[in-house]
Every structure is written in structure tokens, then in C-alpha cells.
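There are two complexes below, and they share chain A, which is joined by chain B in the first and by chain C in the second.
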Partner chain A sequence: MMRAMFASVALIAMPLAAPGAAQDSMPPAPYAYKQLEDPVLEAQAKELMATLRCLTCQSQTIADSDAPMAGDMRHQVRSRIAAGQSPAQVREWLRASYGDYVSYEPEVSATTWPLFLIPLVFLFTVGLILWRRLRRGSAPEGDQA
Partner chain B sequence: MRWTLWIPLALFLFFLGVAGYQLTQPKDDTIPSQMVEKPLPEFELPAAVETMPGASRGDFIGGKPKLLNIWASWCLPCIAEAKQLEVLEKQGVEIIGIAIRDKPADVATFLERYGNPYTRIGADDISQLMLDLGASGVPETYVIDAQGTITYQHIGDIRLEHIPLLLEKLEEAAQ
Partner chain C sequence: MIAEIGLAALWLAAALAALQLFAGALALKQGEGAEGNEDGHFAQLVRPAAITQALLAALAFVMLLWCFAITDLSVKLVVTNSHSMKPMLYKLTGTWGNHEGSMLLWVAVMALSGGLIAWLERRLPVRTMLATLATQGFVALGFYAFLILSSNPFERLPVPAPEGQGLNPLLQDIGLALHPPTLYIGYVGLSVAFSFALGALLTRQVTPEFARVMRPWVLGAWVFLTLGITAGSYWAYYELGWGGYWFWDPVENASLMPWLAATALLHSTSVLAARDALRTWTIMLGVVAFSMSMLGTFLVRSGVLTSVHAFAVDPERGSFILVLLALYIGGALTIFALRAHSISEGKRFAVSSRESALVFNNVMLSAILGVVLLGTLYPLLTEAFDVRVSVGPPYFNPVSAIFAVPMFLVMAVGPLLRWREDKPARVQIQLIVVSSAILGVLALVAVLGDYSLLATIGLALAVGLAIAAFLPLRGRRLTRVPLATWGMVLAHFGVAISLFGMASESAFTKERLAAMVAGESVSVADWQITLDGVDPIAGPNWTAMEARISASRGSAEPVAVTPQARTFWAPFQATSESALLTRWDGQLYAVLGDSAGVDAEGMQRWQVRVWWKPFVTFIWYGGLLISLGGALAIIGRLSADLKRRKAARRGAERRNEARALAAEMKEELV
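And now, the complex of A and B:
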């Protein structure tokens, strides 16, 4: 009984311990958790971070993630913006190495345009059907459907 | 009955089919680098251990195509990969390592324990080269030709069955 209890505690604790084993022990990059002095630049950097995907924790932005790699990405964003690059330039630099994947902001491109077009086609079709039905229904001499 | 009445049902079945098919497919969360077939970015990294030189872009230029191996002593799959790197080294492949967010003492312990297939190891303490390369984790391995062009990316640890493919890619890069 006691042994079974230990075993189940170990089983519960194991998945919690596993990610810890695959972490480095280095301090975070200088600007991973430190804001820029200039509030305007910091605001620009923050806004950009919210549109970039963390690559090791793929459902979070780098602004939300505590992964070391997200910290390194925030450091790059802040130090590049502090060095005078525009948010668009920093974004382009990351897109050059990771492609669309790194973007957490939906963009219309050669592969994504159906996602934007299909809902419009649906709405248009629904509107057309409604319009025809309602017109027919309110027509004084029209036969009822 | 008008045939158009069947369209919504057909659409529904189509989506059901797509979703059902996707459910049977294995999860694939690898992110291919966009840097393949592009020049290796400029970099110059200090030595990751005292006993070995650091690494820069210039180290890849000239001679035979080389492997650039991104790894870390804290990375568990890198332990599994060490044996395969040793096999590649024995076949005459030059492997230049990039240690990600790693301490010199930890790197030295890892090399002592699992072997050292590298000719140089650069220390990338803030994942700078990793981001430039489009790598999304450790380990990853790149084939770099003698002109400094990235010709192939291997994501994840190198297993025994990947060795022939890597040798083939190195051969291709030599032409």
C-alpha cells in the first residue's frame, strides 16, 4: 500500500521534473527580462513581441513565454530596436530565417488567402439567399415557397 | 427533390473527412529553416571550452563540406546523438559544434563523458547564431559546403538510420 502510494507520487512528479532536466543553467540574455530605458522604444518592442511566436513553445508569443529561447528572442528584439532598427526590419530578419511560422499575426499571403476569402464567400452566399427569400416572401403577388 | 439541397450535407461530410484524415496523421511540429540554400550568416563565437578553438563563418570556407552541429550539454537528445557524431567523424567528416547557452565546465564534462567529435566549438550564449540559422531547438545539424552555403538541415538528434543520408548530402555538397 505504502509502496503503491510512493509509486503514484513518483508518477505524478515525474512529468513535472522532466522539463527541468532539459534546461540550461545560464543567466538570461541582458534584455530578456529588462525593459529598454526609452519608453517609446520599449512600447515598440513590446508591440512587436506580441506578434512573434516562441519557437520552442509553439502556442505562445515570445512576450508570454518564459522559455530561455523566447528570452533570447526578446533580447534580440529589444537590442535591435535600441540600435535603431524599425519593428518591421526586426520582423523581416526573423521571417528570413523562420518564414511565416514565426509570425503570430495572421497575414494574407500566397498560402493563407483562402482563409480570408472563404468566410466572405460564405457571408455573401448567405446574404444572397436571405435577400431572395425575403423579397419573395414580401412580394404581394408572389407564390409562397 | 432538388439536388442543391444536398450541398450542405456534402460540405459537412467533406469537412468531416478532412478532420478525420488529419486526426490519423502523426503530429509534426518541426519548423524547417528558410536559410537552406542560402549563405551561412556571418558569425564569430568564442571558444566554449578552454582546450578547443571557437568557431566563425570563415572556418567553413574551403576544403570539404562540413557539418555544423547545434547542441548543448543540458540537452538530453544530444547525448543520444553523440555516438552517431562519432561515427561520422570516423568517416572523415569535419564537425564544428555550436554550444547553446552552455558553461565551459559543463561542456568539458559532456565531452569527457560522451566523446568529442568536434574540431571546434563556439559558445552561443544568447542563441544569436541559432536565430540567424532558423534553428528552433537543440540538436540540429546543418551541411555547409566549401563556399559557405547551407545545403541541408537535419532537425532533431541524428539516429543511426540518418547517417547514410547525411553522408549523401555531404557528398552532394562537395560537387
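And now, the complex of A and C:
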């Protein structure tokens, strides 16, 4: 199952990987365990990797997994960042390839809007509770309610 | 035979839980205990039932421990989770490293707490006590039913297996062995708080006395939850091999949510005990805290996290917990709705008062709890409709920070304020000190480097909170400060320390990944890392490649560290044993990865990952400080209470003596 998934990922990844690297990318892809030379780009890649899901693991990001697929995705992220793409572009590409599930950073959409609306409701409720509670309490003399 | 004794004890304990429930309920219905004694037909049964139930549940758990200790391969649970070659320690911890065993541990601890209350607790009115123990019996009964009907730990195999299937090697670790029982004790403590809250609600006795009786249980639960979360986080940090300590994983959130609720409950209980205010709040939070422990158990134990669909295929256990959850929580909320109006809110207080600060933070904690709950459950909900979304750190961190940042600010000020009413001008010097510390650090960090917003705010708040934690001691004779106040100071300081560790880890960590041949060196931060060699080694149930690495900092002597890549064979699994080098200002974290082919000269290359994580250890030191503060508060409160009780008793005795003496003298005169 995992092997099949890995193979399919490799298939998707191949035409998009850096030229030359594509053919021998089965065992660890070059940038799976290698940092980018440029510290700024590496920091960008690192930050992005910490927000991407390793699809073959349970609740792990690709930044903290030894799974072959996580390594492959780290390679993808690093080589794309090195090629000049912005983290947002890379995330978009990964979303297009693997679906929304790959990104730990939900965006407002038809399926995720409650994730953003409900905290706003919390904020409003918190304000209301505090306002009512503290305003009512402002007369300390009227002891028992 | 051992397994049968265990099962019999479990059935008997369940029967006694039923007796505890019905005897308690009938006693209340018949109006027994109204005169303050427990001599009624039914009332007198309740305490002995709870104590006997505790002994039987403990016996059942000991029997299961025994089965694991001798690796009884005719017991199904032992076969699926143990192995005759395992070290004895992990045979024993394997008892609760699985679903059935951990649920048995849960009911055993719950029964023991119930027994302890029945045996020792004499402060509450008799009727409240009866209601509390009956509720405890009711909750226990559900869990016994769950164990016996759908998760029998003592099930025998028709034919004994030749060998056990082993235990997940990741779980063969002392940190993880102790982590689940610690959390369970916390969950159970909250179930006791729930029983007390319902007992008080049913008998309309939501009083400061009730809060004082409940407080040690809430504090105890909270201490254990804190320890459990701290241990779990440290375990994930060193065992998973990538240096992460918190992933906002649903399993982690399942333990964080009860902690948040318990923290709010704890503070609310203190207000009730000290000032007779926030009565309905306290009851409500008691219900919420226990709901969160049940929800945590449901999430972890039902299999719903692996996949909603897996849960739908085999829903027996999950549905069972869900029914229990609905029954207890629905029942409690119904009683709450029916009774809440009959309990007044209690004493009033001004906007600028300690109560207000506590209310503010309770509301913030509840909001954070709401955010975590939403982010944890929402993906499960959409998955049921075949839409998969991931909610992770980029969501949880900023959204919870919206509520956490104001909370930390108020937390710095709250303990300085007086109860009931205070003038902010009275504490203006302290306010100036704390706010200038926060703003100073904020400016400093912003000038020195380009760090993420949350990390910057975290660093500034941590420094402010650390100073503010000790300000309540200002102007007091330190020898006369009550133990419970020291507890608060330490716990608040622990929060600051932990926050500092998190912010520092996030802002300043340096990472180095390298493919190295023996003799090669790399540097990370101000450390020089040299790979001296890699050798195969073998342990009791694993083999490994072990790297010999020397790490030196500046001109200091190099220190040897030996990270391993282990392979377990029963069952097969690869793990990485990271090597940690702890310094006062951080930790060096080294991991050996796979071999990385050969270099141009044919030398074997190895993947090595090294991190320097400044002050990362503060995260867990903070957790320990928080727990220590909680423990001090328990000791302080209990001893003060005992002292007060003793004094009251002595006073009463003296009065009686005086009366007797007066009567005697009168007689003599006549």
C-alpha cells in the first residue's frame, strides 16, 4: 500500500523534478536530507515543510518524518524553492497535486469557512460574557444576587 | 485461574458500583441523612460499597499485572501485547500499553479515588456526600459495562499461543510507559470533581465548603495532567527523532483540552472557596472538564483518529464511549439546566478586582479550549463527508494566540489585585515594571533579528510574566507566606519559563543536516560536530547502528554522543534513538539517519542530523514547576484545613468541658 503510494507519487513527481535527478529519485531524493546552500531560502523551505502533511504518516509533517514519501516531498519543496518559486506557489502546486489535505494551513473555502467563522463567534461571545459579567458586577455592595 | 479471579473481581466491583448508585439514590429519595447522620437503611450501605468496590477493582488490575508478569500466553491480551523475551519492566508497563488494560487501569484508579473519598471525606453534609458517591457509582458503572461487555481484558484463547506478538517498540520506553497512567489519573481526578459538582448541584449545596472539599481533587488532577502532558511532549521530542515537541496532533489535543478546562476549573474553585462567588461557573466548568476527559478517551480509544471510516466499520467501542459521553454529559447538563436557576451566582465584585481577572482568564481559557476543540473535531466531521482537511500549527498557533495573549497579560496583573474591589493605582508601580519589561524585550528582539511575530511576543510575555510571578511576594515576610501562595507563584513562574522555552525554540533553533564520512566535521551554531565512526551494536530485542560523534563547543573539551538507528524484530520496526547533550542554555540534539551511499573515494557516508535548540529544556522545566506549584498548593490547602478543623474540634471540646464543669458545679451547689 505504502509502496504503491510512493510509486504513484514518484510518477507524479518525476516530470516536475529537477532535470537529471528524476531518473534516480527512488532512494532518497537529493534534497530529502540536504539543506539548501542559501540560508534564507532554506529557512523559507523549512517553514513551509513544517506546515505540510506527510501523506503516508499519521499526523506528522514532512519536516519531522523519516518516511520515504516525506523525504521525497522535502526534496520537491527544496528544489522548487531553489528554482525561485515562492513558498506560496509551492504550497499551491502541492495542493493541486495532492489535494487540500496536504496543507496544515487551512484556507477559507467552501469546506473550511466554519473554522474561521466559529472563532469569530467565540470572540464575540467572550466580549459579550465579559461585558455583561463585569458591568453587572460593578456594584460590589449588592452582595447576594 | 488468575484471569478468572480478575474477571470475577471486575463483575463484583460492577455490582457494588450499582449498589452504591441505587443505595445512594434511594437514601436521598427517602430523605435519609437530613439529620446529619448516615444511619438510614440505605445511607449506611453507600460508603462500605465504595470502599469494597475500590478493593475489588484494584484486585482485578493486580491480576492483570500478574498475567503480564508471568506472560500467561492463554490470555488473549497478553498474547497480542507482550512477549516472553521482553524485559520485566516493559512486561509490566505493557499491561496498560493497550486498550483493554488501560481502561482497566482507568476504572481501578477511579474506584480507588471513590473508595478514598468514602473512607476519609467527612466535611460535606451527609446528603451531598450521598449524592456525590451515587454519581461516582453511576459513572463507574458505565465504565465497568464498557470493560466487561466490549473490552474484556481477561479473555482467554481457546488454545494458548506459542509466543506473544510483542509490544510496539516505540512504546518500550520508560517515558511512554509512565505517560498514559499519569494522564489517566488526571482524567479520573476530573471525574471525581464531576461527581462532587453534581452532588452539590443535586442537593443545592454549592458552598465554599464544597469548593474546599473538591479543590484537592481538581488540583491533583491538574498536577497529573500537567505532568502527563510534559512527559508526553518530552517523549515525542526525543523519541521521534526530529526535535518537535508539540504537533497539535489530535491525540495531544485530547490531553490538552481537559488540562485547559481543569485550569479554568481550578481558578474558579479558588474563587468559590475564598469568596463564595462564581457558583454556577464552577459547576459548569466541573461538567466541562469531565466532558473533555471523556472526549479525550473517546478520541484516543475509539480508533476514530486513524480514520473516521475505520471507526464506521468497527464502531462497537467508539459507539459505547459515545453513548456514555452522551449519557453523562447530557444528563449533567440537563440537571444543570434544571437546577442552575436555584443557585445564585454568589457574591458580587468590582471590575477591578482579583475575581474579575480570574473571570477574564477563565473565559479566555474556555475560548482557547473552544478553538482546540474546533480544530480537532472539524477534520473528523468533514472526513465523514469525504472531504479531507488538515488543521495544524498554522491554524492553532495564531488563532489560540488571539485569546492567549490577553490572558497572559491579565495573568501578570491578576494576582496583584485584591479580592472584591481594588484600585489600579495601588499597583501602578508593579504595572509599570511588568509592562516596561514586556515592551523592552519586544523592542530588543525586534531590533536584534527577524523572528516570527508569535515567537517575539512569546519572548516578551515570558519575561514579563516571570517578573510578575514573584511580585505578589513583594512587601511580605517570606517565612509567613502560605504554602498555597508559594504554589501559585511557582506555577505562574513555570508558565513563564515554559513559554520562554517555546518561543526561544521557535526563534533561535539552528539545524544542520549532513551526509558525513568518518572523520568529517560540520558546525551548527557554536558547536563543532565530528563523526568518529559508525558501528553495529545489539540490545536485548534490537540491533542498531551507533554513531560515535564528538561535539565540542568553542575551545571546550569534545564530548562523545552516540545516537542510534535501532531495528526491533518483535515486531519489526525501525526507530531512531536521538542523543541529547544538555547545557544550561539549551540542548544539542543529534540523530543518525540511513547510510547515504559512498563518496568519491569509496568511503561510506551517513546521514547525520544535528540541532542546537537554545533553552528548549525550559519547556519541560516549566511543566515541572507548574506541577510542583500545584503539589505545594494541595499540601498547603490540606494542612491549613486540617489545622482549622483541629482548632474547631478543640474549641468544641473545650466548650463541652466547660458546660459539663458548670453543670457539675451547679449540682454541687444544690
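Basically, the second predicted complex is superposed on the first by the 93 of 145 C-alpha atoms of A that agree within 3 Å, B and C clash if a C-alpha of one lies under 4 Å from a C-alpha of the other, contacts with A are read in each partner's own complex, and residues count from 1 in each chain.
Here is the rule we go by: contacts are C-beta pairs under 8 Å (C-beta built on N, C-alpha and C of every residue); 3 or more make two chains touch, one makes a residue touch a chain.
Computed from a prediction, not measured in an experiment: that's the story for all the values here.
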| said: Applying the document's definition of touch, where does A:Y101 land relative to chain B and chain C: first, second, both, or neither? | reply: both
| task | Based on the superposed arrangement, let me know which partner A:P119 touches: chain B (first), chain C (second), both, or neither? | result | second
| task | For A:A50, decide between first (touching chain B), second (touching chain C), both and neither. | result | second
| Regarding the shared-chain residue A:L134, is it in contact with chain B (first), chain C (second), both, or neither? | second
| query | Just chain B (first), just chain C (second), both, or neither: which does A:A29 touch? | reply | first
| query | Where does A:L41 make contact in the superposed view: on chain B (first), on chain C (second), on both, or on neither? | reply | neither
| request: Would you check which partner chain A:A67 touches, where first means chain B only, second means chain C only, and both and neither mean what they say? | output: neither
| query | Looking at chain A, does chain C or chain B touch more of its residues? | reply | C
| task | Tell me which partner A:A82 touches in the superposition: chain B (first), chain C (second), both or neither. | result | neither
| said: Going by the contact definition given at the top, which residues of chain A touch chain B in one complex and chain C in the other? | reply: 58, 99, 101
| Given the complex with chain A, which residues does chain B contribute to the contact? | 29, 31-35, 72, 74-76, 100-103, 106, 125-128, 130-134, 136-137
| request: Using the touch definition up top, name the residues of chain A that touch chain B in the complex. | output: 21-26, 29, 55-56, 58, 68-69, 72-73, 75-76, 94-99, 101
| Residues of chain C touching chain A in the complex | 240-244, 247, 249-251, 305-306, 344-351, 353, 355-356, 359-360, 363-364, 367, 370-371, 374-375, 378, 382, 387-395, 399, 402-403, 420-421, 511-513, 515, 574, 576, 593-594, 596, 607, 609
| message | List the residues on chain A that touch chain C in their complex, please. | response | 28, 33-35, 46, 50-51, 53, 58-61, 63-66, 99-106, 111-112, 114-115, 118-119, 122-123, 125-126, 129-130, 133-145
